[in-house]
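Chain IDs A, B, C, D, E and F follow the sequence of writing; residue 1 opens each chain.
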Amino acid sequence: MKNMLDDEAAGTAALLFEVGTLKLTPRTGWLHAQVRHPESIAEHSHRVSLISAILAALEGADPGRAALMGTLHDTQESRLGDISHVGKAYVKTVKNEQVTADQTSTAAPVVATMIGDAVAEYEAQETPESRVAKDADKLECLLQALEYQRAGNQNVQAWVDSSRAALKTAAALQIADAAMNMTGLEWRQ
Amino acid sequence: MKNMLDDEAAGTAALLFEVGTLKLTPRTGWLHAQVRHPESIAEHSHRVSLISAILAALEGADPGRAALMGTLHDTQESRLGDISHVGKAYVKTVKNEQVTADQTSTAAPVVATMIGDAVAEYEAQETPESRVAKDADKLECLLQALEYQRAGNQNVQAWVDSSRAALKTAAALQIADAAMNMTGLEWRQ
Amino acid sequence: MKNMLDDEAAGTAALLFEVGTLKLTPRTGWLHAQVRHPESIAEHSHRVSLISAILAALEGADPGRAALMGTLHDTQESRLGDISHVGKAYVKTVKNEQVTADQTSTAAPVVATMIGDAVAEYEAQETPESRVAKDADKLECLLQALEYQRAGNQNVQAWVDSSRAALKTAAALQIADAAMNMTGLEWRQ
Amino acid sequence: MKNMLDDEAAGTAALLFEVGTLKLTPRTGWLHAQVRHPESIAEHSHRVSLISAILAALEGADPGRAALMGTLHDTQESRLGDISHVGKAYVKTVKNEQVTADQTSTAAPVVATMIGDAVAEYEAQETPESRVAKDADKLECLLQALEYQRAGNQNVQAWVDSSRAALKTAAALQIADAAMNMTGLEWRQ
Amino acid sequence: MKNMLDDEAAGTAALLFEVGTLKLTPRTGWLHAQVRHPESIAEHSHRVSLISAILAALEGADPGRAALMGTLHDTQESRLGDISHVGKAYVKTVKNEQVTADQTSTAAPVVATMIGDAVAEYEAQETPESRVAKDADKLECLLQALEYQRAGNQNVQAWVDSSRAALKTAAALQIADAAMNMTGLEWRQ
Amino acid sequence: MKNMLDDEAAGTAALLFEVGTLKLTPRTGWLHAQVRHPESIAEHSHRVSLISAILAALEGADPGRAALMGTLHDTQESRLGDISHVGKAYVKTVKNEQVTADQTSTAAPVVATMIGDAVAEYEAQETPESRVAKDADKLECLLQALEYQRAGNQNVQAWVDSSRAALKTAAALQIADAAMNMTGLEWRQ
C-alpha cells in the first residue's frame, strides 16, 4: 500500500477518538431500569460482534463479515446518543448511513468506503450476515438483561421478553432459550 | 442449517456468559497507573476490532477477518485474567489456543471450529489479518493512554511509548503519530 | 385541599419515578471530554436551582420562582436524553413543553398545571426569573468545567469558554470571573 | 441592580464550589444498607426540590418557595457530613442556621439574607411551604428506597417504613401509597 | 478454648458487618478535593496497617501490635462518619473509646477486651506502637495525595503538606521525603 | 534507631506505592458473579486483618501477629493478580514467598525481614496465628458473599458454601453460622 496523506491519518485517528467515547456512554435503557453504572455501548458492541460471528457460523454465513457489522452497528451513537424506547416518540434522527458518512468524511477514503459499505449492508438487512448481526444485537440485550436479573434487578423482564420476541434466526432463538434456563455460572465449573 | 442439539445451544450460551464477564474486568495496567474504574477488557476489545478492520482496509487485507480476530484476541482473559507487565515474570499460563479450546468445548462444533481457527490464526501471526489485529491491540492501547493523559493522568507516558514501539504496520504508525499530535476532540467540531 | 383521585396520585408518583432516572443519567458532554462517571443530570440541576435563586436575589427577581425553574429545566431529558453539542446537527426533538405535557398527563391536574406553567415560562425566556435560570444553567456548567479541570481534565476549556460566552446577566458574569480566579477550595479555610 | 463588590462575587462563588461537593458525597444510610455508589446528596436534593413544589401545589402553598427550601435543605452537609441514624447518638452539631450563616458569610449580603431566611423558615417548620419541603425530604427517601429494592437490595424496607411513618401531609401519603403499589416503570409505557 | 455463647457469636458477627460498611464509605477530604469515587476508609486503613508494621520495624517496636492499631484506628467511623477538616468546627463527638465500647458491647468479651485495649492504647499515644500507627495514618494520607496528584488532581497539595507536617518519627519522614521524589511507578520496573 | 539509607527509604516507599494498587484492584470472583465495581483487594484485606485479630483472641493466639498476617496475606497480588477459581487450572505462579522477596528487595532490610518472616509463617500454616489468619480470609469472603446476596445478587451462594466448608477453627465456624442467620443490619439498632 502507499502511505495515507497526513490529513487522512488525522481523520482516521479522529474517528477512533470519537468511537472511544462509546466506552464511557451507558446504554440508556438500563438507566431507566435503575441499573447504576450499567454497561457501556462499547461493552455491548463487543459481545454483539462475537455473537454475530457465532450466529453466522451456525447459519452458514461469513463470521468475519458479521463480526464487523456487530462492531459497527451502534457507532453512530457517539453523535446521536442511545435514544431510549420512550425517546423514539419524541426524537427524530438522520439516517445512520448519513451519520457514518460524516464520521468518516475526513478518514482515509478506503476506510470510509469499507465502513460505509458495512453500515449500509447492516441497515439494509438483506444479507444473511446483516440479519445475524441484527439478531446478535437483540440476543446480546437478552443475555445482559438475564445477567442484571441474576445480579438482583427486578425491573428487566420486559427487556428479556422484547429481545426474545425480536429474534428471527433459529440459532439465536435456541441460544436464547438455553440461556434463560441457565444460571450463567455454568462455565466456571 | 439444522438445529443445534440442546446441549450445544447451552454450551454456546455458557461461552457467551463467560465472555460477558469481560465487561466487568478492568485492564490491569491502568490500575497500576492509578486509573480508578478504567476501561474493561470488552471496551478495549471493541475498539481493537474496529481498528483491526481499518488497518486491514489500509493494508489490503480482509476487514471482516481482522475484525473477528480483534473481537476474540483477549477472550481467554475470562480465565487467565489480564496478566500485567510485572506479572509476566511470575506467572506462566497455558497457551491461548488451549484456553479457547476449553472455552468452546461444549459449544456447537461449528462454533468451536470457527473460533478456534480464528484464535489459532491470530496467535500464529502469519497472515496479514492477524498482523493488523495485533497492531490494532497496540494502537488501541496507545489511544487509550493518550485519552487518560488528557483526562489528567501523568503516569501513562510509558504506555504510549511502549505501544508505539510495538507497532509494525505503516498504517498503524501513521495513525499513532497523528493521534499524538491531536487533542482527541477534533471530531466534535 | 381535597384528596387526589387514586389515579392522580399514581400518575404523580410515576412522574417522580421518571424524574428519578435523572440521578443515573450522565451529562453527555463530559463523556466526550473523557470524564468517566461524570455528574448526573440531577446533580447538575440541583446546583442550577441554587444558582437560579442566587442570581434572582442579585438581580431583584423572585428566588423561589427561579429555583423552581432551575429544578425543572432539564426534566424532559428522561425522555429526550441529553443531546450533545454534536448531536444537535443530527437529532430533532419535539418541544420541551410538549414533553412536559406528556410527562404530567396522568398527574394531578394542579401539578400538571404548576409544572407546565413553569416550563413554559422558562422556555419563553421573557421574565427575569426565567432569564436568571437560563444563566444559572450556563454558570453551573462553567463551574463544573473548572472543577473537572482542577481534578486534572485537560479537555474542558471549551466548556468554560462557551458557558461564559453565553452568560447574559451581570451577576452571573461577575461570579464566573471570580470563580475562574479561584482554586475552588477557598471555603475550606 | 448595582454590581457586587469583587469580594462578594468571590464569596458567592466559594459558596457554589462548596455546594458542588454535594455532587460527590453519598447519602450515608444507603452505604449501611450495602448500596455501593449510592445517590449523592445533590441527587437526593434535586428530587426533594421537585417534590416540594408538587406537594405545595397539592396543598395550596407556594411551589417556588417550597422548591427553594427543598434545594437548600441539606446544604449544610458539605460541612457536617450526612450523619447517619446511628451517628445521631454519638455526634452533636451546631444548628443548621449557624452553618448556613458561616457558609454565606462572604457571599453578597442579599444572597446571604435570601438563603438564611429560607433555611430559617425550613428549620422552624411553621409555614406550609416548610412543612411540605420536610415531607418531600421523607417522600424522596421512600421513593429511593423503593428504587433500590426493585434494583435488588433487600436491606431497605426499614427506610420505606420509617420514611412513610414520618409523612405528615395527606398529599405525600397518597403519593407514597401509590408508589408502593407500582413498579416504577409505568412512565415508560 | 471453649465455645462462645450463641449471642456472643452473633454480636461478633454484627461487629464485622458494621466494619464492612467501611468498604463503602469514602474518605471525606478527597470529595472536597473533587475526587469522584475516592478510596474507602477500609482501603486507607489497610495500607495504614501495613505502614504501621513497617514503621514499627524501623523504630524497634512490635510490628504486629502496630498493625492491629492501624487496622482499628478508624473503625469508629461506621458510626461517626469521617468528619472533615471543616466539619471539626461544627461537630462534637463522643470519644472513640466510647464508640468502640458500644460497637463491641455484644461481641464475645475476650474480643471486646482485645479491641478496647488496642483502641485505648492508640488513643492514649503513649507507646511506641501507638505512635507509629498514628504516623502511619498521616503517611498513608500523604501517599494517597501523591497518587491522586499524579492521576491528575491539582487540589491535593494541602493534603501532602499537612500530612508531612504531622509526621513525628524519623522513619516516616524519610519515607515521605523519598515518596515525594518518586513517580510511584518504580516498582514496575 | 539509626536512619535508613536514602535508597532504603525509596525502596520502602516503592513497596508502599505497589501495595497501594490493591485499592484499585477488584477481587476477581465477584466479577464472575456479575458484581460491578466489587470490593478491592485492600478492602477485603482490611477486614481479614480485623477478623484475624478477633479469631486470635478467641482461640488464645496473638491478635497483633494474626492481624499483621491478615494485612499481608494478599499483598503478592499486585504482581500476580487475583487468580480466579477457574484460572487456577490454567495459570502457574511462583511461590508467594518469592514474590514477597522481590517486592521487598529494595526496602530497608529490617522491613524486608519483618514482612518476609510474616509471609513465610502465613504460608507455612504451622502456627495458631497463621491458621486463624487463613480462616479469617475465608470468613471474610463468606461475610462479603452474604452482603452481596442481601444487596440482591443471586449468584454468590457458591461463595458462601465454599468459604464455610474451608473454615477450620471453631470460632470462625460459630461466627459464620451466626452471620448466616442475621440480616447484617443488627448493629444499626
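By our rule, contacts are C-beta pairs under 8 Å (C-beta built on N, C-alpha and C of every residue); 3 or more make two chains touch, one makes a residue touch a chain.
The structure displayed is predicted, hence computed values, not measured ones.
Colleague: So which pair out of C-D, E-F or D-F basically repeats B-E, with more than half the contacts the same?
Modeller: Copy of the B-E interface among the listed pairs: D-F.
Colleague: Between B-F and A-D, name the chain pair that shares the greater number of C-beta pairs in contact.
Modeller: Higher contact count goes to B-F.
Colleague: Centre to centre, by mean C-alpha position, how many angstrom separate chain A and chain B?
Modeller: Each chain's C-alpha centroid was found; their separation is 17 Å.
Colleague: How many angstrom lie between the CA centroids of chain C and chain F, rounded to a whole number?
Modeller: 45
Colleague: With centres defined as the mean C-alpha position, give me the chain B-chain C separation in Å.
Modeller: Each chain's C-alpha centroid was found; their separation is 39 Å.
Colleague: What parts of chain F, by residue number, touch at least two of the other chains?
Modeller: In chain F, the residues touching two or more other chains are 32, 34-37, 78, 86, 147, 151-153, 184-185, 187.
Colleague: If I apply the definition of touch given earlier, which pairs of chains qualify?
Modeller: So, checking each combination of chains, I get A-B, A-C, A-D, A-F, B-C, B-E, B-F, C-D, C-E, D-E, D-F, E-F as the touching pairs.
Colleague: Which bits of chain D are touching chain C when the two form their complex?
Modeller: Residues of chain D touching chain C: 1, 3-4, 6, 9-10, 12-20, 22-23, 39-40, 42-43, 45-47, 49-51, 53-54, 57-60, 62-68, 70-72, 75, 78, 103, 107-108, 110-111, 113-115, 118, 143-144, 147, 170-171, 174-175, 177-179, 181-182, 184-187.
Colleague: Give the list of chain B residues in touch with chain E in this complex.
Modeller: It is residues 32-37, 85-86, 151-155, 158 of chain B that touch chain E.
Colleague: Within the complex, which stretch of chain B touches chain C?
Modeller: 37, 147-148, 150-153, 183-185, 187-188
Colleague: Quick one: which bits of chain E touch chain D in the complex? Just the residue numbers, please.
Modeller: 21, 24-26, 28, 31-32, 34-37, 78-84, 86-87, 89-94, 98-99
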